[in-house]
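Once you scroll down, you'll see the structures, which are given as structure tokens.
Paired with chain B in one complex and with chain C in the other, chain A is shared by the two complexes that follow.
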Partner chain A sequence: MSIISIKNLTYQYPTSEEDVLRDISVEFESGKFYAVIGANGAGKTSLCNAIRGFIPHFYNGELQGDVLIEGRDIREWELGELSTKIGYVFQNPFTQISGVKDTVFDEISFGLENLGVEESEIRSRVADIIQLLEIGHLQEKNPFELSGGQKQRVALASIIVMEPEILVIDEPTSQLDPQSTEAIFSIIELMQKKGKTIILVEHKIELIAEYADYIIVMKDGKAVLQGNADDVLSNEQAIELGCALPQYALFGIEMKENGMDLGTIPLTEKKAISAVQHLLEKRRVTS
Partner chain B sequence: MTYLSLKDVSFSYPNGFQAVQHVNMSFDKGESAAIIGQNGAGKTTTVKMMNGLLKPTEGSVIVDGWDTKDYSTAQISRKVGYVFQNPDDQIFHNDVYSEIEFGPKKLGLSEEVVKANVLKSAEIAGVTDFLKENPYNLPYSMRKFVTIASVLAMDSNVIILDEPTAGQDPGSLEIISNMIKTLNNEGKTVITITHDMEFVANNFERVIVMANCQVIADRNKRDVFWDFDILEKALLKQPHMSKIANALQIGDKIISRAELIKEIKKVQK
Partner chain C sequence: MNKIQQFIVNLYPTTKFLIVLFLALSAFITPGYIWSYLVLPICMFLAYLAGCFKEFSNLAIKALLLIVLFIFLLQAFFYPGQEILWQWGIFSVKQEGIQFALSLTSKIVAVASSLLLFFRITKVKDLVSSLEKLGLSPKVTFIFLSTLQIIPEMQKSTHVIMDAQKTRGVETEGKLMTRVKAFVPILSPLVLGSIASTEERVLTLESRAFSAKGNKTSLYQVNKTKHDLKVRILLLILFILLIVWRVLS
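Coming up: the complex of A and B.
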């Protein structure tokens, strides 16, 4: 069964002149990893806002169509109720830091405190997350003194510590170096293995190719292309829709154009290497 | 000719934290270079010393013959422009035009020159369509272009871009790529901090690698991306095509798709 079901969703912010989301229909199944991609301004963050109920509860405006969370209409959910079910990690970590806590440890505790969790349990859960995200060296620091990349990790920690069933994560690695980026992806993967449903907005397409099950491509407020990651990311049509294909897929497409068909469009490093090895061996055998 | 140089520069923050140690680098007019390295390696602190936002605690930074210690940040910013990593640290006007206009106006340029600078910078940064908008109504990535235009409008000889590629889609990356070329052609020096190795591979020749507050390499990208010792020290990765070439042990320091495909063709024959 779908944990989130979006049917013909159309929405306009009260202050905007046109629809930011247009006739979107997507089904999200529990425990799967979804990536939302597309050009900046395509409506990716607005779609996140609809899923976490900020559209329409916080931004107001009229929501047309349906957004159902566990079969229940989003308009009927209370925001507070939703916040325990759906964790949202902001695009800009500077926005997420609460500003009322003096240390990273307390910042990460903040959500659990608000949920009324017992103090000893808060301490152990926060300590676990700090260890998981390898931010022990930051725990006594003031959240505002952190670098962009460090803030981004603290922002993620403060959400996953609440153990929401659904994680909506908006560009969590934009400020991060390559190694920290991969670390974040493996944490997200770990969350998926724990049974969470992941909805990730991200531009780093090679990593999406490695981790995501399902891709939703957005353009001008519409979900213009969606399907299994393997199908979408080897589809040249995606380029025309303003989204990037993995370097490995582009390589496969260009190999074909150069008369050296790999027999497949590889999406990841591993697959590209084995496809080329296969091609070279085949040549050796036949010649 | 050298326009900007850092000579044995170190910097410690007031709390005693040393962010940069004994860094040397210099740039000619019209040159472009990428600075790469982990979060916390000292990249931003280093470039903030180039336009006088920070003054070195040791060593000297020389811009066009000026030692930055002897001049104010306002004076140096006529020669070196810095685009902040977080656009929200920089933007403070209600519409994009006023935001871009602020710098050149403060320089005391004539009204016509100010206007010409604003329009030209907006064009290069791709924000012409949004001049009347409130910058905070624009997406984060577009706000970044507003701050880039604001710095370009000052017409300084050196432009420093601090993570302009963060969170950008393919179209925006192309705008940044074209912008760097345009500025270089105009004789301006462009120094870019980025975590996007593909962007580095496609747009730069000279690459400066920082790790643990120091410069550990300053050379051509091929020599950086095929020096596994350097990559490991800086916790960086090879570009994707280099990874394939390395796994297959073919070619000579391959960086791009075209090079890799050409090499496979050769091996196949």
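Coming up: the complex of A and C.
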């Protein structure tokens, strides 16, 4: 059974002039890694809001169709209940600070304090997360005084410390350098290995190719293309839909157009190398 | 930090509050205005012991001087009375007015300086923690804490907006009128910005399970020590002595 099931979801913010989500249907299975991609304004964040229940519980407006979390209608869930089930890391790292804690350590503890977890357990869990995200040098700092990238890591830490089953993460690496981006992705992968369902909005297509199981391409509020990562990323149609493909896939498509079919469309460096080797061998044999 | 300083700073927030409450009440129990005025130097002395003499005195004197002066002038001229001390045209200073101004301002000085002292020697974090222990809802203490944190943030964004205006060539410095003119247009981005970030803050709290049911844990705790009891007993004795003295005299 899917853990989240979205059927014909259509939604409009009370203040927006047209529908921002149109007739979206997606099934999310437990333990898989989903990536949501699409241009600015395509509705990615709005989709996350709908999954987390902020639509319609916070933003109001009319939600048509169904969003079911563990089979139960989103309208019937209470926001408070969902906070332990779905962790949501927002796009904007600057507003994800509680504003009542004066050190990063306390900031990360905040969620667990609200859940009434015992003090000694809070301390050990927070310490573990701090180590995992390599932010030990920040733990005594005031969260307001961090850089954008540091805030982004603290925001992620503050959510994953609560150990929700589903993680919705909206562009967690927008403020990060390439190295930290890789680090964040490996942490997200670790979360997946722990059995969590991951829903990630991200633009960095090479990393998506490496980690995601399933991709949803959004455009103008619609889920215009979705499927297993390999299929979507080797689909030429994706380019027409405004989705950037990994450079190796582009290379494969280009080769095919020029009469040098690699047999497959490679997505990663490794696969590209082996595909090219394969092709070269085949040519040697035939000539 | 020396010993006395540590002693005062580490007192439990409600104990500190009882101290300033005692000072403020004593101003009302003691007749005349001299003692009431004396509360200010006493508070300054306590601030000195607590290691915040400068901050306290600056704030207290700046805030109080203006109010006291204003009330004094107002009451001296306009309080109804017969005994005229000094006259200029239709304006006259009356004995009764001076008397009234003295007793009124002395009380204001006593209450205000003890309150200011309380907030100088009590960390907000401690106060909030003790209030939560008294059973105040975390929602209320949250509003309290976040407001205090947000003020410096708003100041920062004011500067950012001001700088943006400057680079666009808007005059933001100089005469008062220029400053006022420059300040008005920043109000809307500032206020709208704060409203927008309030919305996001609500979502942030929501995602940290702030509205989850059940008891919350607090990592930060203030605790009473044996000193608190001693100070409280001392205050009680002083208070009883004061009442007895007042009744007998």
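Simple rule for what comes next: the second predicted complex is superposed on the first by the 280 of 287 C-alpha atoms of A that agree within 3 Å, B and C clash if a C-alpha of one lies under 4 Å from a C-alpha of the other, contacts with A are read in each partner's own complex, and residues count from 1 in each chain.
One rule holds in what follows: a contact is a pair of C-beta atoms (placed from the backbone, for glycine too) under 8 Å apart; a residue touches a chain by one contact, two chains touch by 3 or more.
Note that the structure is a prediction, hence the values are computed from the model and not measured.
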Which superposed partner A:127 touches (first chain B, second chain C, both, neither): neither
Contacts of A:92 with chain B and chain C, given as first, second, both or neither: both
Chain B versus chain C as contact partner of A:258, first or second or both or neither: first
Chain B versus chain C as contact partner of A:183, first or second or both or neither: neither
First, second, both or neither for A:243, with chain B first and chain C second: first
First (chain B), second (chain C), both or neither touched by A:162: second
First, second, both or neither for A:102, with chain B first and chain C second: second
Contacts of A:80 with chain B and chain C, given as first, second, both or neither: second
Chain A residues contacted in one complex by chain B, in the other by chain C: 92
Residue numbers on chain C that touch chain A, as the complex places them: 125, 142, 145-146, 149-150, 153, 197, 200-220
Touching residues on chain B, where the partner in the complex is chain A: 37-40, 44, 85-86, 88, 139-142, 163, 166-172, 195, 197-198, 235-237, 239-241, 243-244, 247-248, 257-258, 260-261, 264-265, 267-268
Chain C contact footprint on chain A (complex, rising order): 52, 54, 58, 79-80, 83-84, 87-88, 90, 92, 95-100, 102, 106, 109-119, 122-123, 144, 158-159, 162
Residue ranges of chain A in contact with chain B within the complex: 38-41, 45, 91-92, 94, 147-150, 171, 174-181, 203, 206, 242-244, 246-248, 250-251, 254-255, 258, 260, 269, 272-273, 276-277, 279-280, 283
